[in-house]
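Across the two complexes that follow, subunit A remains constant while its partner is subunit B and subsequently subunit C.
Take a look at the complex of A and B:
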């Protein structure tokens, strides 16, 4: 007994998410170029890059775990995507899918780390070390923001959060949740790996960080994973704070708004060092997060 | 005169959280890039590019070869329309040339000049690489080509060098050809017996030069 409709829907959502994710990556590059007074690449450039990487003849492998890491990351992202209500489709749902999605969006980082560590490159090791410290540091404000949300709306279900927001107005109109929004936006920057917290790949500082040895098809999988993750994370953000969306166009506009905030932040602030980032996460976002939680009690 | 020190409080900038947001104003301004395949840039009027050589004015004194810091210039004896030129002409190797244009400054007769053309790209084949080694063409010819194409590329499209007969053909960009023969290299006329290859040692050459130059007409007569 196979549910063909479910499978088709899952594939449809996946294709849409991948395509839009690549477009979002293109928008990111284009907008950053314009802020730096350049023309920038065309919007579909990340797609071309990925196709080129897929067409490469050889890719080096350092054993099973090295190959497994990117696949694991991609799988985790897809799993997270299937739990998120995209417009009116939600394929899987549980009583606490907020927690499920929040942590499934963290798992890809672990997958990349897993693969990167098995390459045995010192740059990868350094990148992984930084990445894990960033993850540890950002969990605290992230958790506080989620707690504030859950306490205010009184539910762990994403679809219920959306319907509550459609009845009572968006989350950011509530003062306490506005603070949570600010915290979440700072954490979001680190989740996307964008500029003030792009300590993990750190281009030009530690080569490419964990991804330094990945090339060819591995890199193509990582690109695809990044695209889907970009889509999933912006959708997650939209659902939590911007009142979800009833159709794909509204969703797209809201995702774009979220994306542009992070692009602006990314293009004007320089990179933190890892110790500064950890200190920062445990200072301002945590303080604001605690205030938000106290206000929602 | 004592050094004037500006106080540190004058140069120290206060850190700001909000000011970086000023950078976003460029998002809505026109980018300052030049779209190269569609838009053109004019090089400066005396941009130091490829050489030009008036073959009639060149007296083969090898001043250019002596001053060249990269030793990219080699004198070449050439034969046009079955008649050998009286003097050797410089052959420039763009694999070595630094485009310092000292050779143009030093040229006593003004035969060697330079143009604003600077584009030269080839593949890696041996035939393509022939392009980097040429006896420069006449300035008027180059001007004509520049007026026609106006893209500051190397005026020759392809150089064919026949190793047995030593015949060289320049296929210019407008389809015309320049044909000549390379008889030998160095300062001494090639028809003299033995040692046709005597490049280098320019200091010695300079002393013997007057003698050589007197001999040159003779060799031509002999040949004819």
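Take a look at the complex of A and C:
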């Protein structure tokens, strides 16, 4: 008993997500450029970059785990994407709930770090350290925001969260969840790796951190991973707080809204150091998060 | 159909390890010793496996008449589960011991603690429970004593405080109910509570005493201080059992609280914002343990210390889950008992292999071992994935249940602690991966070899359940449903469902494989990769030679240490050391003050006593 429709849908969504992810990356660059009064690259520039990387004549490797890391990251991102209900496509979302998806969205980071660590580069090492500390720092407010949401809607299923919102209004219209939304949006900045929390790659500081040793097809895989991750995370955000979407166009508009908030914040803030980020996350977002969960109890 | 007559199950379970241990010590000939050890370690697993059907049909009881007391044992669905976890870990541990230990002494106490732990799990009255509890403490103490006196004494003193708190609590229960067997205690306490013949303060005291008793063994904050020293200063193969199974005795104790005096505790402590009061305290103790121990694990510079703190943190999850007081909480906690035992046991065997082959324990001396010990590395990776809670590993399934349970039980802040704890778990396992397996290899590790075969076998024994129960978490969940005789966790072999969520491990696995296949195809499409050495790397455009140490091995998480700053100044370890010093000084003062060698003062003591007696009216 093979559900061909589901498989076709999954393949379609995967292609769409990859493509749109690259477009989102392009939008990010374009918007940043316009904010700084530049013209900026065309929207499909990241796609061209990736294809160029994939076409390199030679790539280097530091061993099996070095190769496996990016593959694992991309694989886990694809798996995460397929468990998220995307607009009217439910895909495999009945098989995994919010906690599973939230975890799966973090797994790619382990893949990237695994590969980066095995290169033995000190910048990679530093990047890994920063990545994990960012994760440690943001996890508490992130968890609190998710808990507030689940407590309010009373379910862990993403599709049910969407349908509840379609009946009772978006999450952000509930005062307590508005607080959770603020927390989640701050954390989201770190999830996307944008300023002020682009501590992991930190281009000017530690030369791209974990990605420093990657070139050629490895970098292409990581770019693709980033694109899909961007799509998956913006969708996740939309589902949790913006009422989900009933078709791809609505979803696109909401994703764009989410993305633009992040871009605007990112383009005016300088980077935090890692200990500042930790202290920041454990102060205001955590306090707001605790208020939010207590209000939803 | 059962292969062993029910009457023989419990004696075989309890006596085979102890007897073969003593024989191994007495004979102490290389070869025979190891054989006896293997027999002693594997028999419980075989017996437990064969007793499975019998236990499902009804509990197995066994009575041992020891003249003064009658010891009763009871293998029910619940105790079978705990005993099975312990037996599984024990069987992996003995394989590790074959490689790492060469003395009859080690075998005797190792197997004695196996008997102790199994005895604690199957005991059905407080006499047997306490006897085996002490046996287990003593045997593990002797294992630590051989390596490090200070660590062992710290462990022993805290264990003794725990054990005598327990005996006090048992005495208090006995004084009121007159019963020592579990059924009698349960009934007696229930009756006393129902008829209000027991004061709340009395029950509260029993509760605190039991909390201390079980808290010490489980390593609950703030009684965890013995664990980092004791876990690290012993044979690391033994720690597999020590942290994997022995700490579960404490956890089992917390469960006994519910079973035996739960009603009285509920009556005495009441509820707090809709939560069961006494359980709420346990949940918070667990949450604090998770956070504190995980933070400390992140900052360690020694493999053994790192995993010791990690063990404390993971047991904190179990206590937390039991503290939720809901069916889902118990299910999550019980599942985590199994998954913690298998992944942490695996970690300790990996550590044993590293220490055996390199002789080093600190991160600063290690690195680049993945190429030298590929199989051990693969096993370490499985353990890492399981501990960090990466689907589809056993560690994820159990953590998932605990998450769902904590949020559904409306304990958001406790659930927040798990979120933080699991991020920290991620951080410390990656630290372990980075410092031990990757990067440049120090030149003195060039001739390191793969771990010996018995250790590899032990690791494999523990790696299999990590994967099998990860992909088919329903196997465990179904059994847990049988323990409680209701369907707490729904679903089938591959799928777990709770009232509000679902996790299909098989789909996750399959989609992960599909994802990896797609990513692999992209990888294969690209140009062929050329392998380059570690030193051929980016160093701001500078050439790199082997003399440079490019791997960050020390103080990896320095920024976190700085961010925590003042919190780290508070240490329970130092507090206890200071307390111990105070007592020591007090003892000195007493001795020097009274036994001063002055005949005159002894005459005065006599005079004072006579005076007291005269005033009392005796003379």
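Note that in this section the second predicted complex is superposed on the first by the 291 of 297 C-alpha atoms of A that agree within 3 Å, B and C clash if a C-alpha of one lies under 4 Å from a C-alpha of the other, contacts with A are read in each partner's own complex, and residues count from 1 in each chain.
What we mean here is this: contacts are C-beta pairs under 8 Å (C-beta built on N, C-alpha and C of every residue); 3 or more make two chains touch, one makes a residue touch a chain.
What you see is a predicted model, and the numbers here were worked out from it, not measured in a lab.
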item: Fit or clash - subunit C, subunit B, common subunit A; value: fit
item: Partner chain in contact with A:5 - subunit B first, subunit C second, else both or neither; value: neither
item: Partner chain in contact with A:264 - subunit B first, subunit C second, else both or neither; value: first
item: For subunit A as apex, the angle formed with subunit B and subunit C - C-alpha centres, to the nearest 10 degrees; value: 130
item: Subunit B versus subunit C as contact partner of A:38, first or second or both or neither; value: first
item: Which superposed partner A:156 touches (first subunit B, second subunit C, both, neither); value: second
item: Contacts of A:56 with subunit B and subunit C, given as first, second, both or neither; value: second
item: Subunit A residues touched - subunit C or subunit B, whichever exceeds; value: C
item: Shortest CA-CA distance between subunit B and subunit C [superposed frame, angstrom]; value: 22
item: Subunit A-facing residues of subunit C, complex; value: 298, 368, 370-371, 388-391, 396, 400, 403-404, 407, 410, 412-413, 415-416, 418-420, 422-424, 426-427, 430-431, 433-434, 437-440, 495, 498, 500-504, 507-508, 511-520, 522-523, 525-532, 534, 536-540, 550-552, 556-557, 559-560, 562-563
item: Contact footprint of subunit A on subunit B as seen in their complex; value: 20-21, 23-24, 26-27, 29, 31-33, 35
item: Subunit B-facing residues of subunit A, complex; value: 31, 33-40, 264, 267-269
item: Contacting residues of subunit A [partner subunit C, same complex]; value: 14, 54, 56-63, 65, 67, 70-79, 82-83, 92, 94-100, 103-104, 106-107, 110, 113-114, 117-123, 125-126, 128-130, 132-133, 135-136, 138-140, 142-144, 146-148, 150-151, 154-157, 207, 212-213, 216-218, 220-221, 224, 273-275, 278-279, 289-290, 293-294, 296-297
